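I have placed the structure first, in the form of structure tokens, so that the comments after it can refer back to it.
Order of writing sets the chain letters: A, B and C. Residues in each chain are counted from 1.
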Amino acid sequence: MSSANSTTSEQDAILRSGIDRSLRHPVMFFLTSGAAWLAVSIVLGIVASWKVHSPELLSGCAWLTYGRVFPAHINALIYGWGFQAAFAIIIWMMARLSRKECKAVGTILAAGHIWNLGVALGIVGIFAGFSTGIPWMEFPIFAWPVLLVSYISIIIWSFIQFRVRPEGHVYISQWYFLAAMIWFPWIYITANTLLLCIPGHPLMGVAINTWYKSAILFLFFTPVALGAAYYLAPKVTGSSVYSYSLAKLGFWSLAIIAPWAGMQKLVGVPIPYFLPYVGAAATVLLFVPAITASINILKTATSSRDVLKGSPSLQFMTAGIVGLVIMACAAVFLNLPNSTLPLSQFSMSGYGFQILALYGFFSLVMFGSIYFIVPRVTRREWLSRRLIKMHFFFSIYGIMTVALIAIFGGIQQGAAQEAFEQPWQNAATSAFPYAVATTIAWCFILFSNVFFFLQLTLMWLRLGRRSSHPTLLTSSHDSSSSPHGDDGDIDNAGPAFQATH
Amino acid sequence: MPNKNQHSDLDESINVTEAHGRIVREAAACAREKRIVQNGIEPVSLWALGACAIVFVIAGGILGGGGNLFAYGTNFREGYVRTPAPGAADSGPVPKEALVAYMAKGAKIYSAKCNGCHGSDAKGNGATFPSLVGSKWVLGETERFAMIVLNGLQGPVSNGTTYGVMPPQGIGMSPEDLAGVMTYVRNNFGNSKGDVVTMEMAKAAIDVSGVRKKVGTSVTGPELESDHLKNLSGTPLDPKTLVDPITLEASKLP
Amino acid sequence: MSFRIFILGLSATFGVAWLTVVVVPYITMKNLKPIELNEAVDGAKGIFYPKRTGRIANGARVYAENGCYLCHTQVIRPTYAGNDLYRDDWAGLKADPDRGDTRRETNAYDFFGEKFAQVGVSRLGPDLSNLGRRVESIYAAGKDPANWLFSHLYNPRNEPKRYQSTCPSFRFLFVERTIKGNQSSDALPFSVDQNVEIVPNADAKALVSYLLSLKKDQAIPAVLNFAPPKNKG
């Protein structure tokens, strides 16, 4: 582990490919079903966003009223896509980092199917009018225990793998994944028990719900994405992590700060006065762990320009980390209680910030991980670099639009809301252009992901390219310089091995 | 030469070298992977430290605005008093002309206390309840009218006819109520006296009623003629003065 | 960092925050003591209990199921947190004929009868804390407030002043049926055909009953009254 660009020995490669082989079915299951939910969520997002500015679309149907389509959209995005992508990345990376094959494929697959069933029934429940009316927890009340049991059945094996890992240093990604795996059930059980099972004060229910929304964003999706990024950046470039002590500092600052955040959305609501201000301070302070991790990962990823330009995983991951930086700045900008918070509190900047976190940061890093993992797990390479580029650029266009809306549109809408001498219609109308922009952004994102779904399905069906040469975004015209042999040369195992025939 | 079209995952080959070769080819992706190197020890850039310091200061400011931390019992800011709307008009109801405001108040009292007997058109029923429209006692001196309302009436009325006994209405009646209902009856139903019985006058009436010789009983025509044939004391109020429609006090706004 | 230190550190950092921000306030608010009214200061005796009449539980369920909380809030923020109190008719009525200026902030006793306070996520539409008051006193003054709300829910863009409203149409909460005998009192003032009337179904009636119960401008005890002291001239 001393020199920078050392390649691995043959035996270790065989061990790792054994791990990949054992994980093929669970990982591909989570990725394909997650991608399917992503498609559903984006389509629902377009419908919901369209209804904000043109409510007459499909207006007679109870199942398609905005108040049901939007919760279905956000819940499908979080529980259908977000969690399943996280599962795939967690089980694969934890297995690789613990150097252990997966021994519980059957259980994980069964649990995965149950997760999908739970989500599907929950979404149908929302459409049919059984939503609980609690933001991000709209699944009917039966769903959460099912999802919880399924979650535990999936990630417990990664815990076990960690506990029986060979002696050695524990890498930062493992800490991030372990933390996420422990935080989520704690948060989930708390919120669901206190809101749905035990009667409490109606306003504290709201407070715990807003805490929940922030907590799963910063204490599950963020650490999973950071763990994945910390894995990919040094792995693909071969460079050392820029500053490992900074990495640990970033982790602990996230652990200390993030659990306090969330209630800043409730300034002015009659809950204990200090709670929203603590939440606002914590959300602002999240800048620190975000920037710490971002500097580390970006410096590592950009240490080799050529590798960055060529690798799809690195490009997506880097874009995701840039999204994290933007999100951290937005967290500071939007949550200042005396200036911007009253404006952003009930405007569309809340939704924009959440999508920036879920798509602009988490999903882009997940895409990067997927472009890395799937070839290893299916032993095929991606078919077309052009499709990867389309996926990348249109996602960027879409998410940049959402970011601008969150930061600027929300503040403007908030200012119009606070202008009390004007009739309310002015404030309502000021949101119109931003609603249109959101619809366009989702269309871009759908367009980009069509290419992703296409390639992912082909890989799942093992119709990818049989090659030992990875699909890179830059083509090397001088094929003799490529360490992987001639471009298009199938079945070339690389320089370490010569074919006997 | 092995047939390349026969390659599949479950393909077993007796040829060990070939099998070995195939396994390593299939691990090609793993073979080309690099190891994670994690010992970087670069120092943190000053810009990042500076940005974090600024964020800490901002967060500290936010926490400072949070009042007493962990004060679970208070749901509002300590010492909070509503700040008035910047640049907007004073809050509160729009002031109305005195006559309009008093009559509005009186209308409510009338419908609660009077129209059961005197009728919603104040014409009475001709036998037990006299009409108030054009009545001398209603439109005449205010003290006489006030005594009737507060104490009730027995015996013949202003036109000489004897109707039923009127019960006293003064119990629990505030000066605003009395002033309102008197102004209302004097300026409605076809009456149009044009003046306002003010709260000050009504208060004087209640005082007078309390020191009557026959306090506690209803008044009679002769008593009204001898003791109460005068107007109530109090400064007359221009009916067009702007007052607060709720408190009936003179409005401070221009 | 060993695994044990990791677990301890994680539990400590998360646990302290979890206790402070979630568990303790949950327990404190659950045991919220009712306010004793003081005869001298508040003008009444007993316990402060803002009454709400209407089908609150059923209506709140319909409100939640149809996602009204996504575009409408139900909180009037104090003046240090926003300008909600300055609008003419959000926090109450600026010029109620009986009580004058009835506008006030939301307090912790305002959501009795509901399991989850629908404070709301964003304000694409106006705040609904005092919708019942607004409908009765302003929008449907002199007419039946329930009928006004039924018409609004059926098609929010029906009213000329609201042609730009982006509120969804809740046509699915109504049924069309042939008129038997007299027209139902709930029927909408317009219809698709001569012999057909449009009537609200049970969900619509519960929802409207709930919406009309939204009057959060009752008199409050002095301890919750943040109005600036009046200077007696």
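FYI, a contact is a pair of C-beta atoms (placed from the backbone, for glycine too) under 8 Å apart; a residue touches a chain by one contact, two chains touch by 3 or more.
Computed from a prediction, not measured in an experiment: that's the story for all the values here.
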{"item": "Pair exhibiting more inter-chain C-beta contacts, B-C or A-C", "value": "A-C"}
{"item": "Core chain by centroid distance, with centroids computed from Cα atoms only", "value": "C"}
{"item": "Inter-centroid spacing, chain B versus chain A (mean Cα positions, whole Å)", "value": "49"}
{"item": "Chain centre separation in whole Å, for chain C relative to chain B (CA means)", "value": "16"}
{"item": "Between chain A and chain C, centroid-to-centroid distance (C-alpha), Å", "value": "35"}
{"item": "Residue list for chain A, restricted to those that touch at least two other chains", "value": "270-272, 278, 337, 420"}
{"item": "Multi-chain contact sites of chain C, meaning residues that touch two or more partners", "value": "20, 25, 28, 78, 80, 83, 86, 105, 107-108"}
{"item": "Residues of chain B engaged with two or more neighbouring chains", "value": "70, 72-73, 75-77, 85, 88"}
{"item": "Chain C residues within the chain A interface of the complex", "value": "1, 3, 6-7, 9-10, 13-14, 17-18, 20-22, 25-26, 28-30, 32, 60-61, 63-71, 73, 75, 77-78, 80-84, 86-87, 105-108, 110-112, 114-126, 156, 164-173"}
{"item": "Touch list for chain C against partner chain B, complex", "value": "20, 24-25, 28, 78-80, 83, 85-86, 94-101, 103, 105, 107-108, 226-228, 233"}
{"item": "Residues of chain B touching chain A in the complex", "value": "1-2, 4, 17-18, 21, 23-45, 48, 51-52, 55-56, 58-60, 62-63, 65-78, 85, 88"}
{"item": "In the complex, chain A residues that touch chain C", "value": "51-56, 59-62, 65-68, 70-71, 129-135, 163, 170, 175, 178-179, 182-183, 186, 190, 194-195, 199-209, 211, 219, 248, 252, 255-256, 259-260, 262-263, 266-272, 275, 278-279, 337, 342, 345-348, 350-351, 417-420, 424-425, 427-429, 431"}
{"item": "Parts of chain A lying in touch with chain B, wherever the complex brings them together", "value": "1, 4-8, 10, 13-14, 16-17, 20, 169, 171-172, 231, 234-246, 270-274, 276-278, 280-282, 284-285, 287-288, 291-292, 295, 299-300, 332, 335-338, 375-376, 379, 381, 420-421, 468, 470, 483-484, 491-494, 496-497, 499-501"}
